[in-house]
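You will see chain A twice below: alongside chain B first, and alongside chain C after that.
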Partner chain A sequence: MFWQIILGIWMVGVIIASFLYMPATQGLGETGRILIYHVPSAWIAVLAYLMAMVNSLGYLRQGDLRWDRQAQVNAELGTIFCILATVTGAIWSRGAWGQYWNWDPRQTSITVLLMIYAAYFVLRSAIPDADRRARLAAVYAILAFLTVPFLVFIVPRVYVSLHPDLINLENRSFDMDRKMLVVFLSSLLGFTGLYAWMYKVQMRLENLLYAIDMKRGE
Partner chain B sequence: MIKPLRWLKQGLAIWRKDLRIEFRTRYTYSALVMFAITTLVTVSFSIGGFVTDTDITAALLWIILFFSAMAGLARTFVAEEETGTATALKMAAQPEPVLLGKYLFNVTILLSLTVLVVPLFIMMLNLSIALPLAFVAAVVLGSLGLAGASTILAAIVAKAGAKSSLMTVLAFPVLLPLLFAAISATRAALGGGLAADVTADLLMLFFYNGVALAASLLLFEYVWNE
Partner chain C sequence: MAEGLSYVLAVTLITWLGLFFYLLRVDLKVKEAERREEI
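Presenting the complex of A and B:
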C-alpha cells in the first residue's frame, strides 16, 4: 500500500507542476503542456506491446500458460495507454493544427496499432480452448508486431509528418528547457510506476480467474 | 534443420496437389473471380468510365484485390481441416514445406486473378498508365505480399474453427502497411504524385514480402503442430 500512496502523491505533483511550474513551450505555446501526458502514454503503450510480444515468444518457447496471461494483460494495458495517447494527440492536434484528425502519418500508424490489437482480442475471443488460444494468439501477436516497424518508422519517414520530434536528429540534442525536462522525466517515471501497478493488479486478477477455472475443471 | 532445397521440392509437390484439387472443382478461383468481377462492375457502373483522380482509382483497385483475396485465400487451410486431411498432411511433410506449398498455391491463385482483373479494371475505367513497368511491379509485389501474409493467417483461422469473418478482421491490420505502400506506388505509376516516390514504395513492398515470408516460415510450426 505504501508505494501506491507515494505514486498517487507523485502523479498529483506532476499534474500541478505541468500547469504551474512548467513554462509554456517554445513554438507549441500552451498546447505543448499536453506533452507531459501524451509522450509518456505513448511510451507505456510501446513498452507494454513490446512486453506482450516478449511474453508471446516466451509462451511459444516454454508452453506455460502463465506467459499467455502476461501477454494478455500487457496487450490490454498497451491498448489502454495507446487510446490515451491517441486521444491526447487528437486534442493537441486540434489546438496546434486546427482539427482533431487529419491522417498525419503518426495518426495513421497509431490507428493501425490499435486495430492490430483489436484484432488480437477478437482472435482470443473466437477460440474457447485455452492452449490453442494461447498459441494462435501468440503467433498473431508476433506476426502483427513485425509489421509495426513499417508503420512507425518507415511511413513517417517516407511521407512527411507534421508531428514534432522531441529528439532533434540534426544536432543530436533534446529540445526542451530545463524546467520542462524535469517535469517530463518525473511524468515518465510516474507513468511507468502506474503501469507497473496496473500490471500487478491485473495479473493477480487473471491468476485468480485461472485458479478458479482449474478448480472447476477438476 | 534448414534445408531450402528439400523444402522447395516438397513444397512444390504440395502446390501441385492443391492445384490438382483446385482444377477438379475450381471453387476457390471462381469465388475469387466472381467477387472481384462483382465489385469491379459495381465500381465501374457507379463512378462511370471517366475518372481522372488517381487517388481514387488506385485505392479502388487495391480494395477490390484485398477483399477478393480475403474471400478465397482462407480456403487453402480450411479445406484441409474440413475434409480431415490435415493430419495426413502433417505426417507426410514438415511444417515449412506445407507453408511453402500453400503460399505458392495462394500466389498462383492471386496472380491469375490479377492477370484477369487488372486489365479489366484498366479497360472499364479507361485508365492511362504513366509508368507501365512500375505499375506491373506494384501489382505483382502487392499481390505477392497479400498472398504471403494471408497464408499463415489462413492457417490460424482454420485452427480457430473457421469463423467466416475472422480472416478479414485478422488480415486487415497486418496487411495495412502493404496496402498503403501498394496504393501509393499504384497512384504514382498511374501518373499522380511524384514519380520519384515509386522506388521507395516498391522497396517497402519488397521488404514487407521478405519479412512476411520469413516470419511465416518461423512461426508456422506453432500453428500447424499441436
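Presenting the complex of A and C:
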C-alpha cells in the first residue's frame, strides 16, 4: 500500500505543478497544459497494447491461460488510456483549432486503432470455449499490435497534420520549456505507476474469478 | 493565473483524488477476497 500512497501524492504534485509551476506553452496558450495528461495517456495505451502482444506470444508458446488473462487485462487498460488520449486530444483541439473533431490524420488513426481493439473484445465475447478463445484472441492481438506503430507514429507524420510534434527529429530533442519538461516527465512516470497499479489490481481480480470458475467446475 | 484556470485545476485535482481513493478501495476489497479465498 506504501507505493500507492506515494503515487497518489506524486500525481497531486504533478497536477498542481502543471497549473502553477509550468508556464503556458508557446503558441498553444493555456490549453497546451493538457499535454501533461494527453501524451502520457497515449504512451500508456501503446505500452499496454505492446504488453498485450507480448502476453499473447507467451500464450501461444506455453498454452497457459494466465498469459491470456494478462493479454486481456492489458488490452482493456490500453483501450481505457487510448480513450483518455482521444478525449484529452479533442478538448485541446477545441481550444487550438476551434473544433472538438475535424478528422485530422492523428484523430482518424486513433479512431481506427480504437475500432481494431474494439473488435478484439467482440472476438473474445463471441467464443465460449476458453482455449479456443485464448488462441484466436492471441493471434488477433499480435496482428492488431502490428498496426500500432503504423497508426500512432507513421500515418500522422506521412500525411499533413495540424497536430504538434513534441519530438524534434532534427536535433533529437524535446521541443519544450525546461520547466515543462520536468512536469511532463514526472507525469509520464506517474501515469506509468498508475498503469502498473491498475494492471495489478485487475489481474488479481481476474485470477480470483478464474479460481472460482475452477472450483465450480470441480 | 489566468481566469478560469483555478477552476480547471480544482476539477482535475478532485477527479484524480476520486479515482485514487476508488482504486485504493477496490485494491483493499480484492485483498479481502484473496484472504477469504485462501481460507
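Methods note: the second predicted complex is superposed on the first by the 214 of 218 C-alpha atoms of A that agree within 3 Å, B and C clash if a C-alpha of one lies under 4 Å from a C-alpha of the other, contacts with A are read in each partner's own complex, and residues count from 1 in each chain.
FYI, a residue touches a chain if its C-beta (ideal position, glycine included) is under 8 Å from a C-beta of that chain, and two chains touch if they have at least 3 such contacts.
Note that this is a predicted model, so its numbers are computed, not measured.
Colleague: Between chain B (first) and chain C (second), which does A:12 come into contact with in this model arrangement: first, second, both, or neither?
Modeller: A:12 sits against chain C, while chain B stays out of touch.
Colleague: Specify the partner with more touching residues on chain A, choosing between chain B and chain C.
Modeller: B
Colleague: Considering only the touch criterion stated at the top, classify A:151 as touching first (chain B), second (chain C), both, or neither.
Modeller: Touch status of A:151: first partner only.
Colleague: Quick check on the superposed pair: does A:122 touch chain B, chain C, both, or neither? Answer first, second, both or neither.
Modeller: After superposing on A, A:122 lies in contact with chain B but is clear of chain C.
Colleague: Applying the touch criterion given at the start, work out whether A:4 contacts chain B, chain C, both or neither, answering first, second, both or neither.
Modeller: So A:4 only meets chain C here.
Colleague: Touching A:135, do we find chain B (first), chain C (second), both, or neither?
Modeller: first
Colleague: Once the shared chain is lined up, is A:90 touching chain B (first), chain C (second), both, or neither of them?
Modeller: Neither chain B nor chain C is touched by A:90.
Colleague: Looking at A:143 after the superposition, I want to know if it touches chain B, chain C, both of them or none. Which is it: first, second, both, neither?
Modeller: So A:143 only meets chain B here.
Colleague: Residue by residue on chain A, keep only those touching chain B in one complex and chain C in the other, then list them.
Modeller: Shared contact residues on chain A: none.
Colleague: Would you tell me which residues of chain B are touching chain A in their complex?
Modeller: Answer in residue numbers: 149, 152-153, 156, 159-161, 163, 166, 169-170, 172-174, 176-177, 180-181, 197, 200-201, 204, 207-208, 211, 215-216, 219, 222-223, 226.
Colleague: Can you check the complex and tell me which residues of chain A touch chain B?
Modeller: 60, 108, 112, 115-116, 118-119, 122-123, 126-127, 132, 135-136, 138-140, 142-144, 146-147, 150-151, 154-155, 158
Colleague: Note which residues of chain A are touching chain C in the complex, please.
Modeller: 1, 4, 7-8, 11-12, 15-16, 19-20, 24, 30, 197-198, 201, 204-205, 208, 211-212
Colleague: Under the touch definition given earlier, write down the residues of chain C that touch chain A in their complex.
Modeller: Touch list, chain C to chain A: 1-2, 5-6, 8-9, 12-13, 16-17, 20, 23-24, 26-27, 30, 33-34, 37.
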